[in-house]
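Below, subunit A partners subunit B and then partners subunit C, in two separate complexes.
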Partner chain A sequence: MRRVLASIVIVAAVVVLLSIKLNAFRDYQIAEIATYTTAVAGLTVLTGLSGQISLGHGAFMAIGGYTTALLLLHLSWPFVIVLLVSAAITAAAGGVVGVAAARLSGPYLAGATLMLGVALPSIASAYPGTFGGDQGLTVVFNAPAFLGANFPLTRWQAWVATATALVTLTLLASLSRGRIGRNWRAVRDDEVAAAVAGIDVARARVLAFVVSAACGGLAGSLLAVITALVAPGAFPITLSITLLTAAVIGGLGTLPGAVWGALVIVLVQPYITNVAYSHGLSATTSANIPIAAYGLILILIMLAFPQGLQGAVSRLLGFGLVPLKKEDTSERT
Partner chain B sequence: MTEFIQFTLSGIVFGMVYAAIALSLVLTWRGTRLLNFAQGGMAMLTTFIALEVVYKTGSYWEGFVVALAAGVVLGAVVELVVVRPTLGRPELNSVIVTIGLLILLEGLAGIFFGGQFRSFPTAFSITGVHLGKTPLGVSRFDEFVAGVVLASTLILAVAFRFTSAGLRMRAAAFNATVARLSGIRVARVLTVGWALAGLLGALAGVLVSPSTFLYPNSMDSIFVYGFTAAVIGGLDSPPGAVTGGLILGVGLSYVGGYVGGGRGSDLTAIAAMAMLVLVLMLRPAGLFGGASLRRV
Partner chain C sequence: MNAPRPPTTRTARRRALTAVALATAALTAAACSSGSSSGPASAASSSGSSNAPLSASAPGVTATTITVGSHQPLTGPAAPGYSEIAPASNAYFQYVNANGGVYGRKIVYKYRDDGYNPTQTASVVRQLVLQDNVYALFDGLGTPTHLAVVNFLNSEKIPDVFVASGCDCWNSPSTTPYTFGWQLDYIREGKVLGQYVAQHFKGKKIGYFYQNDEFGQDGVKGLDYEIPKSMVVARENYVPTNVNIAPQVAALRAAGAQVVVSFSIPAFTALLKLTSLKVSYAPQLVVSNVGSDPITLSGLVEAFAKQGGATVNGNQLINGIITDGYLPSTGNTANSWIALFKKVHDTYDAKAPFDGNVLYGEAVAYTFVAAMFKAGRNPTRASLVSAIQGGLPQGPAVAPYDYSSTSHFGITGTYMGTITNGALTEEGSALTTDTTATGAITSYTGTQQEAPASGVPSP
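On to the complex of A and B.
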């Protein structure tokens, strides 16, 4: 745990320095990375530790985002409270989904959650009165007054998102090391053995969904304030699939892997876009090359590093002597 | 009553398309225990190829045949090149590989064919047919769609049941180790399964594109509903895939038609989720899913 706290202090210091040094667009990217890290960390705990797949995690982000937008719009509470309430409401929704999910196995759970990810945002389109329809709701979010009038909003957004991500990572790290995390791993590896050992299997599985959904809600809340908008189009099914992709690419079940995954999904495509434009390719081609290249990169990472990027990093740093099982990598947060 | 018949028939037509996608997923699932998320993207690509052929030759049928052939080749190539290296690794790795492939194919389609919506021709008239004086809400082409999918399903069912190649495929899906010991080349059987799945996907692409337009993402939602149909029916069951497709198609057609206020289309996805949740609550392994394999 001391190592976790130390690395978190270092990351926080680096982010503060970077956000001051870099321009507004980079600050926005930092906020994006922190937001996706929060969501992916929750998902990697659900899928990697408790063994339940979710292809609809964007739905939880949508719940968190809309809760935040509605609370800021109608009640104008302090943001910390809004963030916590959004997480709590999403956690409750996660509990409902978790109870339904506890009976389903692999691909059936995948199908059910995929449909959840498709269907939930369309509720917002169907009820424009409350949720603003396809146009969505505008989210007003300002930097606090004590930072001065000239403090860039993007920098404040990067700080808020990073702080949320770091707190989430710390909580998840301590959860996954404790009794609860041990129960999750036991349920994942062998349900019957876990039940025989006295673990309430259904409860462990539902709890994993609650925790994971809460993280998704936090991320949705952050996404709402950094993009200043919630709309059904902000939570497409590709978002849910991207989150799972990030979790697996980073290294499923590992929290540092969530950070690697978030870095990949935020930074790779804009980087290739820049390269494509700088080579003077036509507009259609340079708009589509990053997409194709991103797909290719996903395939190559999976073929080259079956344990994800975190697996590759551990091996590079000489942890390779420890057998690279999921259980071991998750301990090494 | 007329409305009811119209909604039912047009639901069946869309249901048959979902059934074709669902069947292709069931084929790959039974063989390789892998959900192929690139199935829709592969169908999109073969349909683009068909469209180019139709432009060049002016013949719908040449495009149709080329699409199916391309589907077979693409299915086999994907299995050999991309999927096989990931088998035996964590299951989700293969899933992410197919997602990567989907993104790659959509990017390539954007580069080579552009992102604009293209209309795709039909083989037959798309004006509605009448029974006496009653409009049925479906066209000759819709009849063709339903007929082709039904025919290919029956052919597959008969082939699986009565040919030795079908027996080999069933054996490999049932127990790969025992099949291998009996002298079946399981790896080749898996490739054939993927090729057949590619054919069904290509068929769905050609049949649905006249009503959805064709663009790099055009098969995404068709894939989601096809997947849903497969889950409703039970992922191990070909008859389940067809049943699931029909239930979903007809159910969504009723919701789109009867639920008023122009909200029908927004509620389609919600209705599909409701149907899926209902089925899974009653039968967690789908309608045709066998006894649960989980040792509890």
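On to the complex of A and C.
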């Protein structure tokens, strides 16, 4: 845990330095990266550690986002409290989904969560009085006054999002290294053996959904304040798919992998668009290339590094982030 | 750093492969829905600028260029049709660049894809403003998408001109002084359509069919200002994500609606027509301009029928639909504006069909160039705003703009017409009105100016 805390402090310091050195758009990207890191970290714990898949995590982000928008709009609470309440409400929703999920597995679970991801955001369209319909709700979020009137909003957003992401990562690391994390892994690897060993399988699986949904809620809350809007269109099914692919690209079940995944989501797409654009391709063509490139990257990483970018990093650096001895041999066969 | 142990390799690989398969399928689906049109992006040939003292008078303006940005749905659900707009605008800018530019400066148009997703809009617009330093945001497309950036643009004092949406939310000069609408707003359009229906279908039963968002609701608001409540026998709405509109059509039929007024996007106008046909229900359709472009509509009707295993003649089916238009009809080849835009289209954007989307893109680009000429030889961001607030010449629109320091609404009127043989036939002169319940609808007596011979607005 001491190493985790040390690396958290280092990352925080680097982010603060970067946010001051780089331009406002890079600050905005830092905030986006931190937001997606929070969501992907929750998903990677759910899928990688407890062995349950979710194709509807965008729905949890939607719940967190709408909760934040409504609380800020009607009650104007301090943002820290709004963030925590959003996480709590999303966790409760995750509990409900988790109870259903604990009875499903494999493609059935994937299908059920996919349905959640497709259907939930349309509730906002169905009740325009409360949720603002398709045009959504505007979220007002400003930097605190003590930072001065000229403090860039994007820098404050980067700080808030990064702080939330780091706290989330710390809590998840501590959780997954303790008894709960051991139970999840036991359930994932062999449900019967876990039950025989005295683990309440259903409880472990539901808890994983609760924790994972809370992370999704936090991310949704951050997304609402950095984009200044929540609308059904911000939570399409492709968001849920993107989160899952990010977890896979980063390295399923590893928290640093969540950071890698978030970096890929935020940075690769605009970079490829820019390269295509600057090579004289039309904007319409350039817009389509990242979608293809994203798929290609996913396939290449899976072929070259089945354990994702984090697996690749730890193997290339040759240190024991991930004990690979036994699995290495099985992989070559 | 310590990390939780990953799953064993075999389960990890299996799980990863499942995820990859699902993700690939989803991404393929997303890619397939994107627009197929692509326009030329290379800059136009250079033409010598005069020796006038042109300076870098504002961010995004240099002695030789004006860089403007936009967010557009080039991929995703709104791409079919709408992805034609930005290349068409760019085609007109290239034409202007090749014909002397704006006081010698060339317009560089950077439009980026937001996939009609507000999160992406927020991101690409910040990139355009904070990193690419665009002078102005031009023709950002969509209500939910543009709402995500309207406060940001105004707090950064970026001119946010001619939003591609008829929401009345762009008219708020006191809170968003840098934002301007352009196209006819849906309330005014609803009023004009409503008056036509009330006058021409006296004693008939009227049904409404509308998209359940601000587009449809504002339209219905306008209709209700003009059509007596007693005439309306059914009010049915749809959400764009659910293509099964059989229940709505059944309700309209059961209520005995003889005229159906539809505030729908093209896909749902086509579905309305086909679903009615299936149950032998043939009300007179009165459709908003948004959902009535004949070329788009007949193509959709034929494509949807084909999916259902039937072959229909699209142009024959949409014959007789009553609609309105705030730009000249693309079928009106005698009109000097249509001739100009057709010429520009054939030179710079020939791959796209010359339909309502292309006309829209070129006409809004023309308006922007006119505003830039008015903003002065060395424009600032503030001078563009005050130039528009001082009023703009009508240009390709059929009725005047409403621009002033107290109104940021765009086009104020529209003509009625009927679709005949795959083209919109204009009927009567343009009708102008305001957005209030009591505001009169009057025939516009002014005549539309001819398009300039050079094709470029004069300073």
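Just so we're on the same page, the second predicted complex is superposed on the first by the 320 of 333 C-alpha atoms of A that agree within 3 Å, B and C clash if a C-alpha of one lies under 4 Å from a C-alpha of the other, contacts with A are read in each partner's own complex, and residues count from 1 in each chain.
Here, contacts are C-beta pairs under 8 Å (C-beta built on N, C-alpha and C of every residue); 3 or more make two chains touch, one makes a residue touch a chain.
No experiment lies behind these values; they were computed from the predicted model shown.
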| item | value |
| --- | --- |
| Clash-or-fit label for the pair subunit B, subunit C on subunit A | clash |
| Winner by number of subunit A residues touched, once subunit B and subunit C are compared | C |
| Contacts of A:47 with subunit B and subunit C, given as first, second, both or neither | both |
| First (subunit B), second (subunit C), both or neither touched by A:295 | both |
| Which superposed partner A:122 touches (first subunit B, second subunit C, both, neither) | both |
| Partner chain(s) touched by A:304 [first = subunit B, second = subunit C, both, neither] | neither |
| First (subunit B), second (subunit C), both or neither touched by A:285 | both |
| First, second, both or neither for A:149, with subunit B first and subunit C second | neither |
| First, second, both or neither for A:317, with subunit B first and subunit C second | neither |
| Partner chain in contact with A:191 - subunit B first, subunit C second, else both or neither | first |
| Which superposed partner A:234 touches (first subunit B, second subunit C, both, neither) | second |
| Selected from 4-12, 58-66, 76-84 or 94-102: the stretch of subunit B that, after superposition, runs into subunit C | 94-102 |
| Subunit B and subunit C contact sites that coincide on subunit A, given as residue numbers | 47, 53, 110, 122, 125-126, 237, 241, 244-245, 248, 252, 284-285, 287-288, 291-292, 294-295, 298-299, 302, 306 |
| Contacting residues of subunit B [partner subunit A, same complex] | 29, 35, 37, 82, 85-86, 89-93, 95-97, 99-108, 110-111, 114-115, 216, 220-221, 224, 227-228, 230-231, 235, 263, 266-270, 272-273, 276-277, 280-281, 284-286, 292-296 |
| Subunit C residues within the subunit A interface of the complex | 1-13, 15-20, 22-24, 26-28, 30-31, 34-35, 37-42, 72, 74-75, 83, 86-87, 110-113, 116-119, 122-124, 126-127, 129-131, 143-145, 147-148, 151-152, 167, 169, 212-214, 239, 241 |
| Sites on subunit A touched by subunit C in the complex | 1, 3-4, 7, 23-26, 28, 32, 45, 47-49, 51, 53, 55, 110, 122, 125-126, 128, 133-136, 138, 140, 154, 173, 176-177, 181, 185, 188-189, 223, 226-229, 231-234, 236-239, 241, 244-245, 247-248, 251-257, 270, 273, 277, 280-288, 291-292, 294-295, 298-299, 302, 306-308, 310-311, 321-323, 327, 330-331 |
| Complex contact set, residues of subunit A against subunit B | 47, 53, 100, 103-108, 110-112, 114-116, 118-119, 122-123, 125-126, 191-192, 195, 237, 241, 244-245, 248-249, 252, 284-285, 287-299, 302-303, 306 |
